[in-house]
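You will see two complexes here that share chain A, one where it goes with chain B and one where it goes with chain C.
Showing the complex of A and B:
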């Protein structure tokens, strides 16, 4: 009898654990919120249908929805100016709920509808679930924000509008070097593609620049809610510069306040995933803890060069808020597709792919003026943004612009 | 030494949270032998109830923690509703297994229902800071007030529950029901009503746990209860499920194990160790730390 009870119990625990794992993805199924698009072929008739896959619900929805806004803004502008190759553009937005399986479902559903060009997804862990499918189905996939190095390879259908992690992590190291830090610390998540990828590139760059990583700590998952012990260990190691690649939804409420509570007063350096932290601060927190937090980003919304001011203004006018980098990247993806389609004179996937694969083509975008390298990754610089307590909210300011990495 | 104290404090902070949640688990299990897997999700319900009542509480000029009272009512209602709608009909016709599966289904249902409610939605919400960030300084580290309060509240709840179950009339009825439902009915105890009250109290406790949770970790999301509930369940089993002081002890032990693993062994292995400890304890002492090894009556 006892065995029976135990086996029932174990079965229960297992079922519970499995159910728990699946729960975040088992909500409402991916839905298309494009208005009145029929499910016919993408480039037939007078409209071009561009698909998009972003996390519009779930913990990363701030980023996903901003990206959708950016794309919609670009499409609106393009349509007002006469469309692409004389055809109007229509978006078909899909939600991947920050889940790889849902991402693949969304992709398959777009392909089934005959869409030949897709923008998406944001998180590298999700995009990596659809890159193979994109090559198999010969569908152009251009990701706004998946920075993992492994996303794009040569001779494939996958491109991106952002820099890769091997560059992003290295910028942080270069900045530490430039500011004269010889001993640094790292807190990251060894179980997450993105966090681990950034850690790797940061570490490699530190070796190159002769910076000593005096302390490194990992957390079990990206959902961990307590980072105090990790930062205590940073304090004990005496470092004044800690690289902490996490996402804004844990950076805002957990990482930064707990790091300060653990007695860590030095610089916390992050990556583009910090964009959005401003909206994840517990009301009543002493905002001064967010001082001394820097992060690498794709663009500075208050910048005055290139296309930035026009974009920021158009975005503010349309949506009533400042654009975050995901909005700018989504916007850029659409314009990159436009340029490629116009160059190819066609909307066929293979023609668009060939146009994007041309490394001499220069794209003049919000996040910089760049061309793509052989793998389809932009060759462009980054900006370093700083948070500061600004009355009752957190604001950002430009700290530094990095166009290319120093050699040593 | 600083590391040790800091680790201890983090362990207590996590542990007191697990303990509070485990108390609710163990209470329901102790009375009706049902593993209420939806208990973790009652914490989530409580978290949202607090977030939504904070503006009203503020407008009335009361301290923010008063928001826990509406949350207790909401949680108790949700808990009793769950019992009435799902558990009671299943218990009437089904087996222990079907009740367990119903509990799991209820847990997923609550998570997805919360996502579907427009005011909640799938995006995490950040709570207001509930207690001022002050505390006792020990050397270089601070034992913050919310941790101290969580432990005190945990102990108070434990004692309160103990006396409630031992000394009051309803408590006596609960104990009768837990021993033998049929005999309790013959003795004139309204079994269904007693179980309903048990759910009300257990779920109300979940609201207290959510208050303490969001005062330490101010982010509420629909799957908040999943890992928290699982660890609290482990804590309850570790301490001896159905035994009220056991839940408290189990919770603190789990929290300390997690924290010390993080600091001294490997920061990415903390969860693995928590579950390893569970297996080891169950092998050595199958009834849990405080459990008495009595043969199952068949």
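Showing the complex of A and C:
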């Protein structure tokens, strides 16, 4: 019996220690949580409660936590500057574990607590689980990063701060056209929503621009570790421009080094999932292989225009790392809500919704200066970022800015 | 009282209690209490989720607890049920058979879709079961694990299972459209469906394990060679039970399709962060007690409650920040709960005891007598 009690105690201590280690990494966000923990009730009185739903644990936690950081930073700035409509703002962060049921549960408990404006969630598959509920419960929902085209429709309570899938793939195609490539290749994953969606929009745009897809290869899953055969066939097809929509954790260690090892020297074009590749480079890799890699992104963290430098600096000071695009998008969502609430002069969901639905309103945000179209999707451009070997690390630089797609 | 009379009495009492419970909840959902925020936003979705988790856990218990075969692909059967029910109802909706989730026609289609989901899952259970159940132990676990992944990957690559469903969409995407996919108010209206199906499914499984089929599979669990020597066709019973169990996993999937507006295969995959993945269902069965259907019910509700409260409970915010840190990583809490249960009750919460309203008093008295006897023996030594 003693042994059993002792082992339970040990297990408890271990769990506690792991949690303590984990939370010290994101200690700054924990402290900002606790600041508002005593008034847990709804947005009565002199505070406005904004809910958030992001994947803070599980496979997509890096993005979720960055988004939470971005939102906390925005709220801190707003509160320091006097709040919204004279009221202080308080965040209520929920975790959806990258699962649609958990996402719906989180949404329900936020609404049950009287929250009328919610930011979330990141993955399109999770956000689509709560869009109908948001309309039915008349709750404003702004998603930072759900790019699936079907998320927002006309005349509803759902808006977003990012561009849609059909735009991002098309930018890559437009860039290929602009640079004069007539034959391109694609390496993608047919079994993944994100990769497949981008492939579809890239292909459609290529047809529109008269670009020939000379070779296309697919891999089984997004965490495949061998891309040699795919890029060998790109070399055999003789293409000099390959679109490869994958995530940073496979791009860094596998896709790019193996493509170069297979003899492919042309341009590798990616999407916003390349953000974070710098942290996933294998020890001892010749960094020159990362030259000639381009990717489309929501903003350029080292940019010098608009609100970008101020945001990057504030983020670095508070969290000690460079902001990734999810952080910027979370930050923008809060400022979009602020602007809508101030325009409406109230925090009522229906008034905020009407303010956001106004297509003439211009939002000056970190990820660009834009207005929302009839469906609630921003009309904004994208930036094309390039990697380059910078001594013993990889740096990024702005290659091009695309404000709108060319017609042909 | 003879055994038969006892059984009859138990049957009557349990039926009456279940029926009362059912009508009480159905009444509650359609009267004033059902309009409240708490009932609509918290209680009803929780009951839906408990419903499909209970069916899933009890269906696995038939295979794992009563037949002694470890299956790690039950969530894949659930995925088949969910996709079938969602796509079938969507096809009816697109054909214009019903417009909004109302009326007798809709109710008929809903039950038909859920039933077809179950039947298709059973068919796959049969196909998987024939080769898989020739193996035992670890090998069976590995092959079912493989089948689970295969099924999920196949769904991922079927063009009519993605985006807007049927012909409108490409493979690999989540299914955003769903003929069922109830909203909050519809979930309250049709709460009776979830409760009715859960009760029906559990009763059907009870009837199965108490029948000659149930005795046969328990014999297989205890000693397969002895069972075969006594004239039990082991392969036949194993495949039959596996398909029967897959049927209910498919029904659970149908309820899942009702409760969720969009369906994505990642919710049924091993990498799912929530409590809905095949290993977690095994945990529920072990926690509740292998060979106790009532134990699985209790464990499913308990696991759901722990998971829900960790993430949504108001009391978590009141804890000191150090302890709150643990609740940021829910997986640590599940592991801790499991360690505690396995250390103090290795047989699970219920062991192989079945809770029954008729017997509960006698069972308690028996349990107390047993404990007293053990104590006396300890003293004697």
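The working rule: the second predicted complex is superposed on the first by the 366 of 408 C-alpha atoms of A that agree within 3 Å, B and C clash if a C-alpha of one lies under 4 Å from a C-alpha of the other, contacts with A are read in each partner's own complex, and residues count from 1 in each chain.
By our rule, a residue touches a chain if its C-beta (ideal position, glycine included) is under 8 Å from a C-beta of that chain, and two chains touch if they have at least 3 such contacts.
No experiment lies behind these values; they were computed from the predicted model shown.
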Touched partner set for A:58, first chain B, second chain C, both or neither: both
Contacts of A:197 with chain B and chain C, given as first, second, both or neither: second
Chain B versus chain C as contact partner of A:133, first or second or both or neither: second
Partner chain(s) touched by A:364 [first = chain B, second = chain C, both, neither]: neither
Touched partner set for A:285, first chain B, second chain C, both or neither: first
Which of chain B and chain C A:97 touches, first, second, both or neither: both
Touching partner for A:155 - first (chain B), second (chain C), both, neither: neither
Footprint overlap on chain A, where chain B in one structure and chain C in the other make contact: 8, 12, 15-16, 19-20, 23, 57-59, 97, 189-191, 220
Touch list for chain B against partner chain A, complex: 2-3, 6-7, 9-10, 13-14, 35, 37, 96-97, 100-101, 104, 107-108, 111-112, 115-116, 121-124, 126-129, 133, 140-142, 144, 217-219, 221, 223, 226-227, 230, 259, 262-263, 266-272, 286, 296, 298
Contacting residues of chain A [partner chain B, same complex]: 1-2, 5, 8-9, 12, 15-17, 19-20, 23-24, 26-28, 57-59, 61-62, 97, 189-191, 217-221, 223, 225-226, 228-230, 232-233, 235-236, 249-250, 252-254, 261-263, 279-286
Interface residues, chain A side, partner chain C - complex: 4, 7-8, 11-12, 15-16, 18-20, 22-23, 30, 34, 37, 40, 55-59, 94-95, 97-102, 104-106, 108-109, 111-113, 124-125, 128-133, 136-137, 148, 150, 189-193, 195-197, 200, 220
Complex contacts: residues of chain C adjacent to chain A: 37-38, 41-42, 45, 49, 153, 156-157, 162-164, 170-174, 176, 181, 183-185, 256, 259-264, 266-267, 271-274, 276, 308, 311-312, 314, 317-318, 321-323, 325-326, 328-333, 335-336, 339-340, 343-344
